[in-house]
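In the two assemblies presented below, chain A is common to both, partnered first by chain B and then by chain C.
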Partner chain A sequence: MRWLGAFLVLSGAAFLLGDYHNDVYRKMLLWVTLALGYNFLFGICGQVSFSHFAFYGIGAYSVVILLFQLHVPLPLAILLGVAVCIVVALAVAIPATRLEGFYLALATLALAQLFVVLLNEGGDITGGTGGIANYRLPAMLGLQIRGPWYTGVIVFLLLLTLWVLVKLDRSWFGRACRAVRDNPEAAAAMGIDVARTRVAAFTLTSALAGVAGMVYAFVDNTVNPPIFGLENAFLLLFMVIVGGSGRHAGAVIGAVLLFLLPFWLSPLVGHHHVLVFGVLMLAAILLQPKGLIGLWDQCRHRFSR
Partner chain B sequence: MQDFLELAVSATASGCVYGLIALAYLLMIRPTGIINFAVGEWAMVAAFGGYVLLTQHELPYPLGMGIVLAFMLLVGWVTERIAVRPLVEKGAGVLAPILALLGVLVITREIISVSFPPDPLPVPFAVDIQYYKYFVIGITLAVFVAAWLFFEKTVWGRSFEAVALNRRAAALMGINLSRVTAFSFAGGAAVAGLGGLLVAPNISAHYLMGVPLAIQGFTALVIGGVGRVEGALLGGLLLAFAEQFTIRYAPIPGGFAQGVPLLFLMIFLIMRPTGLLKARA
Partner chain C sequence: MQASILEVRGLSKRFGGLTAVSELAFEVREGEILGMIGPNGAGKSTTFNLIAGTYPASSGEIVFKEASILGLAPHQIARRGILRTFQHNRPFEGMPVIDNVLVGAHRLFTKNSHAEEAVRRSRAEELIEFVGLGGLAAADVGTLSFGQGRLLEIARALAGEPRLILFDEPAAGLAPAELDRLAEIIRGIAARGIAVLLIEHDMHFLLPLAHRVVVLNFGAKIADGLPDEIRRDPAVMDAYLGSHAAHS
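Here is the complex of A and B:
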């Protein structure tokens, strides 16, 4: 019931906004979706990955290529797109998580960069540096979803992601992830298969990012390499850290704040808002490792006493 | 044959630069376990230092280089003070400083991009362009010999090794951990800066030059292994040869050649994460 209410409120808001604000709103919702998934991987399972945004891109590109170059029907294209994400995620995660330490971060960093190289050099398949543009979401059951109605699809995606992650977080799997994050040796001693938990968390969140990417592909009706570069992967990490890693609410706050910050800051600092992000991120790690949500908890604690 | 030799020399020269960046990583990873991706940005800062001192103010090369390297020592030391030491003192794990240094990376790059025009800026060659490759190779060899002597022959270098092997035991033996950390960051910044300054005449100083250098240097480090100083140079050379020979001889479009170091990185991480050279017992 609460989920339905949230769906109605969040997607209803889209009908009150103009075209421009609707566009900003949708992108914000997509960022929140990504941040939630990344938070599960980084905040809850303790894995640093730089490929989350690459999977967003893999999802977007694969659905577009499947639909408009191979002329696969939409439902099949979506399934195949998810399958591509899962296969790539497994191929990276299985060897990388066998190793201790920071290796997943490095392997995913290489993957993210490699993905952009492939996009740029993909010729007709990926459209090269210009990407692919000028396509439209195919009609489903005779309906052409567009405008604020498409925002409803994004809200649905966001809530579905959140629902899946909350359920998982509260299940044995979420607890296993937290145990693996805090102390892998102890977790292994408790009978948790550490490597398998890591691979599962990585694959799951990467697939979620891929699905978000598929939805994104029809927001601007264009996909091109710069969107899926390393910059945004960093931004995602910053969002989760600034908001408060390990908490769903933290991911939401971080994503909304860092997404909207450039709009507020642009009169003051122009295009140099990334500098502010860096400072915020450094301040968060040094002063309040639990992020803004931790700060909020502290305030509430102080007042309730 | 002529062509081949020229290619080999130029691959050696760029391998030397990768090796220097790898050495910068290594100086910090050995005693602290911290992977500092900001080394690429440090190289970039030094390249811009070269632009300001050598191009704008036309200082003589050795003087300009000395000032830049001294400045880089300071940059490394300040970074350690701000972003690493507070976290280590709080007892945070190794991940927290790595993330904090990512913040430093972004801040450094943005400060440079605010302060300088966005176009690539020229940095002069130290010697005639014909001989510049040999100059790069010579300087790099000197740095590596010095680093090797430092680690193998001096008490200070041995104390670095001791910290790398066992922090607690080293601290109990009277080694000042925070001094070793500070020194390793200052040294890492200076070595990375040297790499940036040497590569700058070829690729020009640009605020986006850091991340590719950071990745190439890291790949070199992974290939060579973090255990030994020579590994960094070996890794750099192997990477550069692989890169340049694919561009020259392999029948694939030039853009794909950018993917070569990345493929190398993934393959080595997966197949041989300890690198080619084993650490000495």
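Here is the complex of A and C:
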């Protein structure tokens, strides 16, 4: 019931916004979706990965290539797109997570870089440096979903992602993920298969990022290499840390704040907003490792006394 | 006599040229507290880690409930029902006490139902009470004292309903009053029918507690028997107090 209410409110808001603000709103929702998944991987399972945003791109490109280059029907294209994400995630995670954390960071950084190189060098398949543009979401059951109605699809995706992650977090699997993050040796001594838990969390969150990417592909109706560069991979990490890693609410706050901040800051400082991000990030790490959500907890604690 | 639950035969571990454990044989019986003592460097910790699967053995056999566990990874050994505590407390810092204990029950979860979670949770609360951390279920593990952290280690291992529990120097770092409480808890565990293998440096703590004792020195067994026999054994005195003390 609460979920339905959230869906109605969040999608209803799209109808009140103009075209421009609706576009900003949708991208914010997508960032929140990504940050939620990345928070599970980084904040709850403790894996420092830089490929989360690349999987967003893999999902987006997969669905576009399958639909418009290979002419696969939409439902099949979605399933195949998810399959591509899962296969790539397993290929990276299985060798990397068997090693210590640092190697996962390196392997995922390499994947993120390689992905952009492949996009640029992909010739007709990926559209090279220009990417692929001017396509449209195929009609489903004779319906063409567009405008604010498509925002409803994004809200559905966000809530579905949140629901899956909350369920997982509250299950023994989520507890195992936290145990692996806090102390892998002790987790193993309690019967937790550390490598398998890490691979499962990595693959699952990567697939969720891929699905978000598929939805993103029809927001601007264009996919091109610069969108999926490393800058955004780091931004995602910043969002989770500034908001408060390990907490769903923290991921939401961090994503909303860091996504909207440039819109407010640009008129004041131009492109130097990146500097502000840097300062925020340092402040979070040095002064408030639990992020903004930790700050909120402290305030609430103080007032409830 | 009780049947044995763990049998160790001809167990050896070499690190390069150094033999840490050599041709070790002993058994742990159902429901008993087996103490293993020896001076520093005697091979106690290595033996412990071989049983828990932290290191692979160089040779020998480890049989638990009539099946070999040699070469299994630590998590596989835990799933078969051997759970352990750590000498240096290793809590899951980001979770409250109760969730730490629930991680111990990981191997018992079969499905993902609320009913199962509720059963495990109330069981975990009982265990928190049993080890003497009552009222601290929701506490942040960071607020526990060192001694309380040790008790949490025990509750966490018990949550997995082990058949055999391994204690790695549980007395290390505890105050005298805490030692009495710890001994009482370990007796209570054995009374529940759980076999206990207790590795300990402190003879004064271990001898009144253990049903049987194995003594190691330089990686080999130099004595085993009842605590009273061990107290009188000249080889043990020699190992612990040095040859001068024993001969003078």
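Points worth noting:
As a working rule, the second predicted complex is superposed on the first by the 305 of 305 C-alpha atoms of A that agree within 3 Å, B and C clash if a C-alpha of one lies under 4 Å from a C-alpha of the other, contacts with A are read in each partner's own complex, and residues count from 1 in each chain.
Keep this in mind: contacts are C-beta pairs under 8 Å (C-beta built on N, C-alpha and C of every residue); 3 or more make two chains touch, one makes a residue touch a chain.
What you see is a predicted model; the values in this text were computed from it and never measured.
Of the two partner chains, chain C is the only one touched by A:Gly246; chain B is not.
After overlaying the two complexes on the shared chain, residue contacts for A:Gln298 are found with neither chain B nor chain C. After overlaying the two complexes on the shared chain, residue contacts for A:Gln144 are found with neither chain B nor chain C. Residue contacts after overlaying the shared chain place A:Leu114 against chain B, while chain C stays out of touching range. Using the contact criterion defined above for the overlaid structures, shared-chain residue A:Arg178 touches chain C, although it does not reach chain B.
When the two complexes are overlaid on their common chain A, residue A:Ser266 makes contact with neither chain B nor chain C.
Contact with neither chain B nor chain C is seen for A:Asn221 once the two complexes are overlaid on the shared chain.
The larger set of touched chain A residues comes from B, when the choice is between chain B and chain C. In the superposed model, A:Asp193 makes contact with chain C only, not with chain B. Against chain A, the residues of chain B that register as touching in their complex are 35, 82-83, 86-87, 92, 95-96, 98-100, 102-107, 110-111, 113-114, 211, 215, 218-219, 222, 253, 255-256, 258-259, 262-263, 265-266, 269-270, 273. Interface of chain A with chain C (complex): residues 171-173, 175-176, 178-179, 181-183, 185-194, 246. Taken in their complex, chain A has these residues touching chain B: 46, 48, 92, 95-96, 99, 102-103, 106-107, 109-111, 113-114, 117-118, 120-121, 230, 234, 237-238, 241, 272, 274-275, 277-279, 281-282, 285-286, 289. For chain C in complex with chain A, the touching residues are 52, 73-75, 78-79, 83-84, 86, 90-95, 99, 102-104, 106-107, 109, 112, 117, 156-157, 160.
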